[in-house]
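Take a look at these structures.
In the two complexes below, chain A is the common chain; its partner is chain B in one and chain C in the other.
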Partner chain A sequence: MLIQTPGEGLYDELFDQDNRVRPHYKMLEEWLVNADEGLIAEKRREADVLFQRLGITFNVYGEDQGADRLIPFDLIPRVISASDWQKLQAGLRQRVQALNRFLFDIYHGFDIVRAGVISAEQVFANPQYQPGMQDLKLPRNLYSHIAGIDLIRHNDGDFYVLEDNLRCPSGVSYMLENRRMMMRLFPELFAHAPVAPIDHYPNLLGETLRAASLKPDPTVVVLTPGRFNSAYFEHAFLARQMGVELVEGADLFVHQNKVFMKTTVGPQQVDVIYRRIDDDFLDPLAGNPDSMLGVPGLYAAYRTGNVVLTNAMGTGVADDKSIYPYVPDMIRFYLDEEPILKNVPTWQCRKEKDLKYVLDHLSELVVKEAQGAGGYGMLIGPKASKKELSTFRSLLKARPQDYIAQPTLSLSTCPTFVDEGIAPRHLDLRPFVLSGKKIQMVPGGLTRVALKKGSLVVNSSQGGGTKDTWVMEDDLC
Partner chain B sequence: MLSRAASSLFWMARYLERAESQARLLDVSLTMALIDVPEDRVEQLSVPLLVSGTREIFFEYHEEITPQNLIDFLLLDDRHPASVYNIIQNARDNALHVRGNLSADVWESINQAWLELKELQKKGVTESNASSVFDWVRERSHMFRGAAYGTLLRNDAFHFLRLGTFIERADTTARVLDIRHVMAVRAMEEHATQSFFEWTAVLHSLAAFEAYQNTYGHNLEPMNVAELLILEADVPRSLHGCLKEIASLLEQIESGNAKRSRRLASSLYANIHYGDRDYIAERGLNEYLVDFLDRIQGIAGQIQKDYMGWKQ
Partner chain C sequence: MRLNIHHQTRYTYETPVQNSIQYIRLTPRNTPQQRIHDWKLSTPGETSQMMDGFGNPVTVMTLDNAVPEIVLTAEGVVDLTGKPLTRDDSPFPPQVFLRHTPLTETDKALKKFASQYSCNKRSLVRLMKHLREHIAFMPGATTVTNTASEAFKLGAGVCQDHTHIFIACCRHIGVPARYVSGYIHSTSDDHVATHAWAEAWIGSNWHTFDVVNTLNVAESHIKLAVGLDYRDAAPVRGVRSGGGMEHMETRAWVTEATGTQ
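Let's look at the complex of A and B:
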């Protein structure tokens, strides 16, 4: 089949600037060029049927409950060279380590604030800051045990961190299932390509969760909001893979500041809760009083030290888009190292000078809500209508502190099956970084791809798809 | 294990068993309606409604009991809980709840059934293709059972699942036997040929025709049928067989202080185990079965209370 070459000025994962195939893609490219169109169409249908049967689906808010939708899965993997991954891995470790140090610091000595690196207002007035976490001693001083870091490759060929997700990052089940699907559909590919394995992620996660407690053999559970949550599949999947109970709020109760689950033989104490519920809904007595998802008294038990939450309460303050610009400074401050991974230049509209620049260059920039997620509430300047631009102009003037702006990055592209054949589409990457006794990750992550031509929005809730992510074990292929 | 998970496993299995029995029952009733004299057809078609206790609800949606109306109502109508559609949907809902406790094979077998059912509902079912749909439901149930047997760890999750199957099965057998037996006895008094078909209908409804022939030969005797379906422990859907399983499963489940369900189950089991046909005949089959139904429901309620109901 013919592979369309990328547009001018874009970084393509497969083709270099002279439209030559990059060495680590050689094998895949040969296979694609020789692939039979009928066979590929057949495999795509097979993948859809399998995903349906496995029930690897997600619910989109606003649609019928139980209207299970498939996330479109693309058969062409995104390949990362061994040397690129080495660098990414070192950068991710460094970044997550600094972020955990930062979280410890802002709930203990505030060194970074006192040193004047970040203003007190930006930390303490942040709505995600949990004053109740101050001075609380957590095992190993860890806050974000599971982090998902969103990366993109810009047209200069470098990776940039787009966003740090330190609360309940999701998507790792798709990473694992995508690989399983590829191995099932194209075993011959794996026989020839030295693709680094990722299947041990649940083992590493289990190890990380057990290490979150100082008890020798802690009881771990996964806490889900329930089966109508968009990530329920993932919660159940991880619980089953790790061999721990999948619980809902109603399965737990707190007695004398200890957390128990309701079992057929009576109460059983829980030591570590891998919670997939936001801070505010965890305990109706401490957060949102209307929450039916949480456990009354959980926060008190947590404060007493009788149970560990992963991730900790109040981690959101560090993955906020207004804190993001300071992460390179954090790395310098806590680790005394130069950041390995780049940040995207960011204008903070809370600063007068930055706001002026943003308003003057609105049509060139991407504007995001500092608290936003899921690709909602953002403006993509170059693609916006006059009306959208003027709406954002007034929003920015009214509440500048709620927004940040970044240059429109040209995300790299990767060949993708679409209606018109194999064409380049933009993508990003979310590796998952686990912090326990040590920092661990599996080689790769979740690759999300925008399926519409030219689109930069890769979120599944906005019609994006996913691909398998291959990290090559050596650079000689 | 989690009480909620135990409850979901129990109900998941009950629902799947129920879907299978309902398909079997419908199949037999529609066939009997073809064989029977015209004036008795409605009575034949009413059997599945009586067993599922939905005769009243049926008339909220339909004016008369015809084969097509019955198929529509008991297979794919999603407006009431007793249709195969809703029964399987409930099974899948429960499976989704305990997905963490199921093997991939078991989950996929249920999820696949649900996906196919949604397709079936779009296509619709008529008298002419109803038989193939009944076959499909039965095959799906067999597949679920096979996946459960072949892939689940023999722990409490498995035991609760099996408990659900046998409680549902015992309940169904008693109901079907009760209703169909009355019809068969009446047919005997009226015409001899018809009575042969009535007795075979009882056996086919409970998948016990071959078992009967094996045990008693071709001679269809009312008390033999009752004896087979109540007292023969080796018949998969007999009351004796079900109770033996229930009592033994409860012994295997880690119990804490839950002695009551065990006592109730063991005592009913002992009753059947040491029962004989003369006792049943003396007491009257109907009275015997009504009492049995009462007690099996008592056991089911006690299981829920002991293991699944949670008072802090």
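Let's look at the complex of A and C:
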């Protein structure tokens, strides 16, 4: 089959600037070129059927009837060279370590604020700052045990961190299922390509969750808001893979500041809760009183050290888009190291000078809500209509502190199956970083791809798809 | 001034309550302004203690046998020292109290009202007086779920609403402000002894703003808990199963102790 070459000035994962195939893609490219179109079409249909049968669906908020739908899966993997991964891995470790140090600091001594690196208002007036966490001693001083870091590769060839997700990052189940799907459909590919394995992720996650408690053999559960949550599939999947109970709030109760799970053989104490519920809903006696999802008394159990929540409450203050610009400074401040991964230059509209620049260059920039997620409430300047630009202009003037702006980065492209054949499409990468006794991750992450030609929006909630992510075990192939 | 406090909250139910868990903030702390001489909290259930993030002592009570009513009794003796408020009683910087909560969110009308005031004590005293004139003290007009904007629109409420509105205004103009729940000693009989007021951060100290009583000193106030809003500082927050309709009755007396100090 014919592979379309990328547009001018774009970084393509497969082709270099002279349209030569990059060495770590050689094997895959040969396979693609020689692949039989009929066979591929059949495999694509097979993948659809298998995903449907596995029940891997994604609930898109705001769509009529909240219909479950499949996230489109693309058969062409995204390949990362061994040397790129080495650097990414070192950078991710460094970043997550600094973020956890920051979280400990702002709930204890506030060294970074006292040192004047970041203003008190920016940390403490942040709606995600959780006063209820103040002075709480957590095992190993860990807050974000599971972090999902969104990265893109820019046309300069370097990876940039787009966003840190430190609360309840989703998507790891798709990473695992995408690999299973590829191994099932194309076992012969894996016989020849030295692709680093990722199927030990549930083991590492289990290890990380157990390490969140200081007890020798802690009881771990996954707490889900229930089957109407968009990531319910993932909650159930991870619990099953780790061999731990999947529970909802009503399955747990608190007595004498300890958390118990109702089982057929009586109450069993729970030591670690991998919670996939937002802070405010965890305990109706501490947060939102109307919450039916949480466990009354859970906050008291947490506060008195009888249970560990993963991730901790109040981690959101460190992954906020208004805190993001300070992460490189955090790395210098806490670790005394230079950041390995780049940040995207960010204008903070709360600063008068930055706001002026943003208003003057609105049509060139991407503007995002500091508290936004899922690709909602953002402006992509170069693609925006006059009306959209003027709407954002007034939004920015009214509440500048709610917005940040960044240059429109050109995300790298990767060959993808689309209606017209194999064409380059933009993508990003979300590796999952686990912090327990040590920081661990499996090679790769979730690759999301924008299926529309030229589109830069890869979010599943905005119609993006996913791909298997291959990290090569060595650079020679 | 030495004060005797006696406080009883009684919940009665249509049918017996099967289970209940409550966070009870009815234990005052020693601060430069108040010395706790003697304090006792009685509850019908098993209790354990914790300190919340704001530094408030919380008694966690669990009840797992069927009961027709729940009676909470707090009583003790507290000395008010008359010392001014200081900056030293918060575990975190005052900027925490700049953020809005669902109960203190401002709407257009409240924002417009707040914008007339500025960040100094004289202006905030004016704000307090102005609010007291415009928001009638009317028990029953609101419930614990009413927001600052709702009570402002209604023009009526109880101390909790006055406090939320004052806090919402302060935060809107960039003054950190926090919610305080406690007791007040008053010589008049028609006053409710359980009370709520605000503290605002001006310059480098906290200042009292008791909107309902238009007082900006805390000479007769006994502090139980502080927080971003009522939810954080509520004397009792609980859930239960069973019970049907609930009836709650709170009575509190604060009297000056006779005899030597």
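Here is the rule we use: the second predicted complex is superposed on the first by the 471 of 477 C-alpha atoms of A that agree within 3 Å, B and C clash if a C-alpha of one lies under 4 Å from a C-alpha of the other, contacts with A are read in each partner's own complex, and residues count from 1 in each chain.
Keep in mind that, in the parts below, a contact is a pair of C-beta atoms (placed from the backbone, for glycine too) under 8 Å apart; a residue touches a chain by one contact, two chains touch by 3 or more.
None of the values given here were measured: they were computed from a predicted structure.
Shared-chain residue A:G9: touches no atom of chain B or chain C. In the superposition on chain A, A:L54 contacts chain B only, with no contact to chain C. After superposition on the shared chain, chain A has more residues touched by C, the comparison being chain B against chain C. In the superposition on chain A, contact of A:G116 is made with neither chain B nor chain C.
In the superposition on chain A, A:V247 contacts chain B only, with no contact to chain C. Judged by the touch definition given at the top, the superposed model places A:P187 against neither chain B nor chain C.
Touch criterion met: A:G266 reaches chain B, while chain C stays clear of it.
Look at A:P289: by the touch rule set out above, it reaches chain C but stays clear of chain B. In the superposition on chain A, chain A positions 255 are in contact with chain B in one complex as well as with chain C in the other.
On the side of chain A, the complex with chain C involves touching residues 110, 113, 120-121, 123-127, 129-136, 254-257, 284-286, 288-289, 296-297, 299-300, 303-304.
Residue ranges of chain C in contact with chain A, taken from their complex: 21-23, 46, 48, 50-55, 58, 60, 62, 64, 91-93, 95-96, 98-100, 102, 145, 227-228, 231-232, 237-239. On the chain A side of its complex with chain B, the touching residues are 52-55, 222, 227, 232, 236-237, 239-240, 245-248, 250-251, 253, 255, 261-266.
Only residues 1-6, 93, 96-97, 99-102, 104, 107-108, 111-112, 115, 156, 160, 253-256, 307-308, 310, 312 of chain B touch chain A when the two sit together in their complex.
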